[in-house]
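The data blocks that follow each hold one structure.
Each of the next two complexes has chain A plus one more chain, namely chain B in the first and chain C in the second.
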Partner chain A sequence: MIPSPLLAIRNLTVEFATRRGTVTAVKAIDIDVGKGETVAIVGESGSGKSVTSYALMRILDRAGRIASGSMIFSGLELARMPETEMRNLRGRELSMIFQNPRAALNPIRKIGHQIEDVLRQHALVGATQAQQKAIEALANVRIARPEERYHAYPFELSGGMCQRVVIALALACRPQLLIADEPTTGLDVTTQKAVMDLVSELTRERAMSSILITHDLGLAAAYADRVVVMEKGDVVETADANTIFRTPLHAYTRKLMRATPRPGCQLRDLLPEETISPVPSPVANQPSKQQHAPILRVENLIKEYPKAKSAGGLLSLLGGKSEEPFRAVNAISFCVGRGESVGLVGESGCGKSTTSLMVTRLIDATSGRIEFDGTDLTQIPARQFAASPFRARIQMVFQDPTDSLNPRFTAARAIADPLLRFPRLKPGESIRQRCEKLAGQVGLPLDLLDRFPHQLSGGQKARVGIARAIALEPDLIILDEPTAALDVSVQAIVLNLLQDLKQKLGMSYLFVSHDLHVVGLMCDRLIVMRGGEIVEQGNSADILANPRHEYTQALIAAIPAPPASR
Partner chain B sequence: MLRLIGARLLTTIPSIIGVIIVTFLLTRVLPGDTAAYFAGPTASPKAIAEIRSKLGLDQPLPQQFASYVAALVKGDLGQSLTTGQPVTRDIAARLPASAELTLCGLLLAMSVALPLGVLAAVRQGSWIDHLCRIIATAGVSLPVFFTGLLLVFVFYFILGWSPAPLGRLDVFLSEPPRVTGFLLIDTLLAGDFPAFRAAIAQLILPAVTLGIFSLAPITRMTRASMLAVLGADFVRTARASGLSSGKVIGVYAFRNAMLPVVTTLGMVFSFLLGANVLVEKVFAWPGIGSYAVEALIASDYAPIQGFVLTMAVMYVMLNLLIDLLYGFIDPRVRLEG
Partner chain C sequence: MSESSGVQPALRVRQQAPSSPGLWTHGVHIIAENPVTGLAFGLFTLIVFAALFGPMIAPFDPLASNTAEALKGPTRVHWFGTDQLGRDIFSRVLVATRLDFTIAIASVALVFFLGGLAGVTAGYFGGWVDKLVGRIADTIMAFPLFVLAMGIVAALGNSVTNIIIATAIINFPLYARVARAEANVRREAGFVQAARLAGNSEWRLLLTQIVPNIMPIMAVQMSLTMGYAILNAAGLSFIGLGVRPPTPEWGIMVAEGASFIVSGEWWIAFFPGLALMIAVFCFNLLGDGVRDLIDPQRRT
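Here is the complex of A and B:
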């Protein structure tokens, strides 16, 4: 299709030696990247998309090896190139930028010196020009005041800024091919847009080719020329970015596309065609029309953190120079109706997590009221709240399903945990029976109940977390980014499960998320926060269609255009 | 910077006060009667009582404590009954001997352990990794007095390469004028090279003995810490930018891996300083550890209190030094100041 591709991967197979024998992570795949072309490799976790890029850079870890195949990069065979020659190509001809930019930079070396290291390694500069070249590289990625930033350490910069530095590092030697491995995962949407726009602008300007590795179809659609879809180590489909999203041929591509939240779709639409539940609930977003009696009323809620030395470095940085305490949440008021889902959205540092922690009564508010079913909960200190009967009525599902489960508890023990604290069993029912019933409710197979978290998949762990939260039949569940760590297809299932449970059990949700599409699907009403304040709240559909505040508008505009639905 | 040091020193005052109280009480509740010990086995009860009142041991405990603290404030740690010298002078004479020995032992251990640990981590699972494990295990498994005796047996008795293990300097050589108390430095300052060589010859075996013992924690910690850092994202970035492996390991990984190693070094140093009694005994080293043990056997309160207090203060200073070193290595720590 392309006359002389810059990169031609043929029959590439990558194997990993594990304790249980050899695992083939990438199975005889072919990928071409033309000059000046951007190719997106999309797929869910375990699809082998990152392994492919590591194999290309020849930075697979000790256990991995290229079993067969060839990788021809501008006439050079990378698969069998000696390490010393390969090292000369890395960073000079082929560069890579990574997920989690802050961790990708040496924490104790000035960023300017890190860029100089690369420039000097490839002998592009002498000692005298190095600093000037490094500052130039920083200026090229649109970092303001590059002379000052040259002396900064990574911890002094924001996540988006760190990613710019990583890009500067990767592009310092003007490589021909840039591999971006989930470059914006974990960054805010507006930052994501800025970073991706920068990458595509810089690569276009220098006529570079690039490979964008992502799980986000929207991102691939917005920035790539061609899309390669990978599943379990295989390339299942390769096509033009425009055509692949309009007419996806492979079933897996269709499944991925369906599972991606997008405007104008319903929650049920996310599920694969063949598994749509027999009783679809057309009332999914209906209850918003009726008036809800409030179960939670938050008034003038304020959380201040002292700017003392003991406070974390990050917080004190945010607080500015004055001695005044830093206000993470600044006098916000909202309410959640009985049976209602309210979304709390905003970018990192906007105070949404602090708010959810206060409502869950895990931390104390500085001032304000949290009225739950007529009682002011701020009167009960967070320390004693665990013993209060209200604890049973307000529960939480945490962000990371892995980190929020005790690794030494089986699934059954984790689900039973709240039941052991607040025994609420029906007569004649054992805890085990209750656990099994809960597992049934969240769709967790009963034979998994005696497994430990590391023996469960991400989706299964999320189900355990949800079963634990509904064990006491609470009135209100605070969901803190419950699907942020999950693949889209799993996310689709978990979101639907949450929606069904809500209707079955008559609970209310406070749904904290950075993903406006997900919140739009799940919630009746939306609250948009920035800098500890509520900038806009109202009906989800209205806000998503006609955002009034400019910040909400910016948030919505920054979401990469998701693939057009068929 | 100075404010940081000041603040750190302030926080150590309570622990120093605690050490003073606890050592005072501990030495009093220990079995053994100082007065009876010094009066000798044939002394009459009257003579013992006389000595007791001379030492102030017949006064109630609070009063004894008050006079002890009052003397302490003036920098007086009391008088050793066994040596008949002020404790401060004894300690000043013996601490440098211990410090010199421990420091040399630690430097020796570091010069072997750090490269070995780094290599073991870089070539994880290779023969060098196994060698590192064997050396480290053997090092801690052998008691120091045994390693010491073995070394003396081989290098003095059989090979005759090293001088007799009798103290810090050959008896026929005169000690250089005392400046730092470290013989290696003082002999150099005096320009006395024969004495310098003799001091090194005396030092080398006990230092190696200590070094072998402290090899294990440093090697293992270096290896573990390097392994963690080598798996970090920024090392992958450095590799992906084509940096040479020397640069990746030396500049990117090693400096980051240093933090836990520095902590371990501090712990090993302070542990060795007080605990190398056995080595000091084997090599007749006039150190502070053997001094304290002798005083303890004689129920000689003042040197024990002085020893524990000195150790506590040294420990505090060492920790301060480590914290400052931390700040030097890791810019994120500097922020807290």
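Here is the complex of A and C:
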């Protein structure tokens, strides 16, 4: 390896003081970052990857402390450096890109001024050149018309633009080391590609070193030179990016790689080898795949919002004032067959969430038909739909398992909620028994039923959400990115669970997602949406293999190559 | 809290999960973390005790005058001294606790119910309800609140009930606005949508999903306005509205004693004033403690 690395972390241990005693988040890890090298730290939540980067920047919160170890950065010991000197280094020598770009920018300050602040803080420019330097920094991150954007506020920019500004901030003082903590989480896949390409180009140009912290093996494989895999505070494997994915040595790395959805694999392939169970046989009365009688038929569905609410400042600035309402969903038609899984794919703002809210009858459509089992549901207003018998037959699994559970209800109470409104109990069965049966179906241990959401893990909360959705044995479940907030290994389990439940209970799924690989695994058919319109629909295997529409092609091309296909 | 009638006993929501500590250990932890909370709870217990048993344990009859003993400073017999009629101030302060505490509790309960309900309804449904509640709150806030309370008591008549009503009215905007803001941010939360999918009507959603979640912040608000309510009631009595002499009440006692401070008999006004201060101080501190105690996120 490189004789004297730019950064050498040795024996680093980070502890957090909590009510239940000291928790060691990072356990005596060693990481080297050479000059000009990009190192990816990969791991699932709780692996200590973010804590490592916070320790490096010395921005651990009050409860956390560096218990032992050293962090030598170009000859300087960061672990015991006084705060005043550390402040001088942050931003100038070491800088960081955070996960949520919008939260990292001051919402009430022009972005140009925010860049000037950093430059002035490190006394790199005088007041006269500051503006020019800031504009230069914006131009460097490929922001078009930087002179105009200098005066923009963060809310006027898209998520991808904001992340570019954050990158400009981080690179303004030409640091030697850039730490990117999940820099593209929450961004669309095409934006992710643009942002990551930009970061790697800029770091290469300036011969900077960088640390990329991510949970996405594909991203790490595509952009890093070396990969460090962390699990529960330990570094389990460190190797060259090319070799680690070809010949992973540690069992955890292999498990992560298996769990990452990739082209050409089956849903069962995602699970760890030892836990694979046979695919359950479908229910007897389920029609064969060819003749799906449609359970849901959507025709010419339109949703309009008044312009004032939907358009941001920049949009109305560019387009001038117009009275025309904004069409979130523009005359789409599709159908979902009985027992079929249909994927609805698109980037943020494409109207897929609005569509799913209309189909679940949480919001009213402006016009069009939603025909469910032969009845046009748009005739029943959303406000009165709760009382309709159809309510029990259309259910939904939400994107964020935490947000979708009432923090003051136990798991059992959450699962029971639909049963209290629509009691569908077998004779002699109590609601509690039904909850326990549902918990069993989704693989939730019974002793967790009396816990509150904050006492459950992400995967367990997802199971509670699924149990609640299947409690009424609905015909159609809308899955709104059900695994977006979960780790890949948990995602693998949840996806398989959903598939098994569908087979057992004979439900239909409308699977809303931005992840083409996941949708490809789960769904028989695929619908690609963009700007409120359907650009392509058809058999999912065909679309993934030969996308016709150029947008679908761009979407597929933007997915970072998952490790196995390299 | 608002369980439906159809719930089987087996499903009764248990207060805490087996793995989580009970309310007692949780309380001990909260107090250990912040001793000021412990102090506030201690004072609160003292006030409740005085309110419940004050008349029983008072050493003297608070109304009995004894001119021979008039205007005596604190002694071993009369701990807080005596007033111009020779009444024992300690007994009067102790007995007054019940009246002041009752006024505070009743007015806070009233405004919590009315203001809270108006606020959550406004925040959750929006539209004309929101506008109406907002304008009512604005109108009340447009007056100097104490002067408004004076006006209400003067108009409705001089009675304890009217003090309670006046105190509740001037606190209405605080409750309505807090409840409105809290309900508004939770209106689109995932768990509310999920409950809507479960077939709950809008009013049920409001009562079972929104209200329990805004309780912590409302409890803090209640504790804070409790002190304010006591102060307000005492203030009204001080200027001669509401409770009338010879009823023992902190505000009247301070008013009566005020004229004697110049001549050196400081204890007549001082001790009821001290009681008032301690009560208000206690309720203000209690707010933080209550929030820590009932927030489920803190109980890990």
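We take it that the second predicted complex is superposed on the first by the 538 of 566 C-alpha atoms of A that agree within 3 Å, B and C clash if a C-alpha of one lies under 4 Å from a C-alpha of the other, contacts with A are read in each partner's own complex, and residues count from 1 in each chain.
Rule of thumb we're sticking to: contacts are C-beta pairs under 8 Å (C-beta built on N, C-alpha and C of every residue); 3 or more make two chains touch, one makes a residue touch a chain.
It should be emphasised that the depicted structure is a prediction, and the values quoted were computed from it without experimental measurement.
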Chosen between chain B and chain C, the partner touching more chain A residues is C
Once the structures are superposed on A, label A:62 by its partner contacts, choosing first (chain B), second (chain C), both or neither.
first
Let me test your reading of the model: by the given contact rule, A:404 touches which partner, first (chain B), second (chain C), both or neither? second
Look at A:118 in the shared chain and tell me whether it touches chain B only, chain C only, both, or neither; answer first, second, both or neither. first
Output check: A:432 vs chain B and chain C. Expected answer is one of first, second, both, neither. What do you get? second
- After lining up the shared chain so the two structures overlap, which partner does A:386 touch, if you call chain B first and chain C second: first, second, both or neither? second
Chain A residues where the chain B and chain C footprints coincide none
So, in the complex, the side of chain B touching chain A is made of residues 124, 231-234, 236-244, 247, 251-252, 255-256, 329-332, 335-336
Per the touch rule above, chain A residues touching chain C in the complex are 19-20, 360, 362, 383, 386-387, 391-392, 394-396, 398-400, 403-410, 412-414, 416-418, 420-423, 430-433, 435, 447, 450-452, 454-455, 465, 468-469, 472
Seen from chain C, its contact residues with chain A in the complex are 4, 6-8, 10-11, 13-14, 17-20, 29, 189-191, 193-202, 209, 212-213, 296-297, 300
In their shared complex, chain B is touched by residues of chain A numbered 57, 59, 61-62, 87-92, 95-96, 98, 100, 103-109, 117-118, 121-122, 153, 155, 166, 169-170, 309, 313
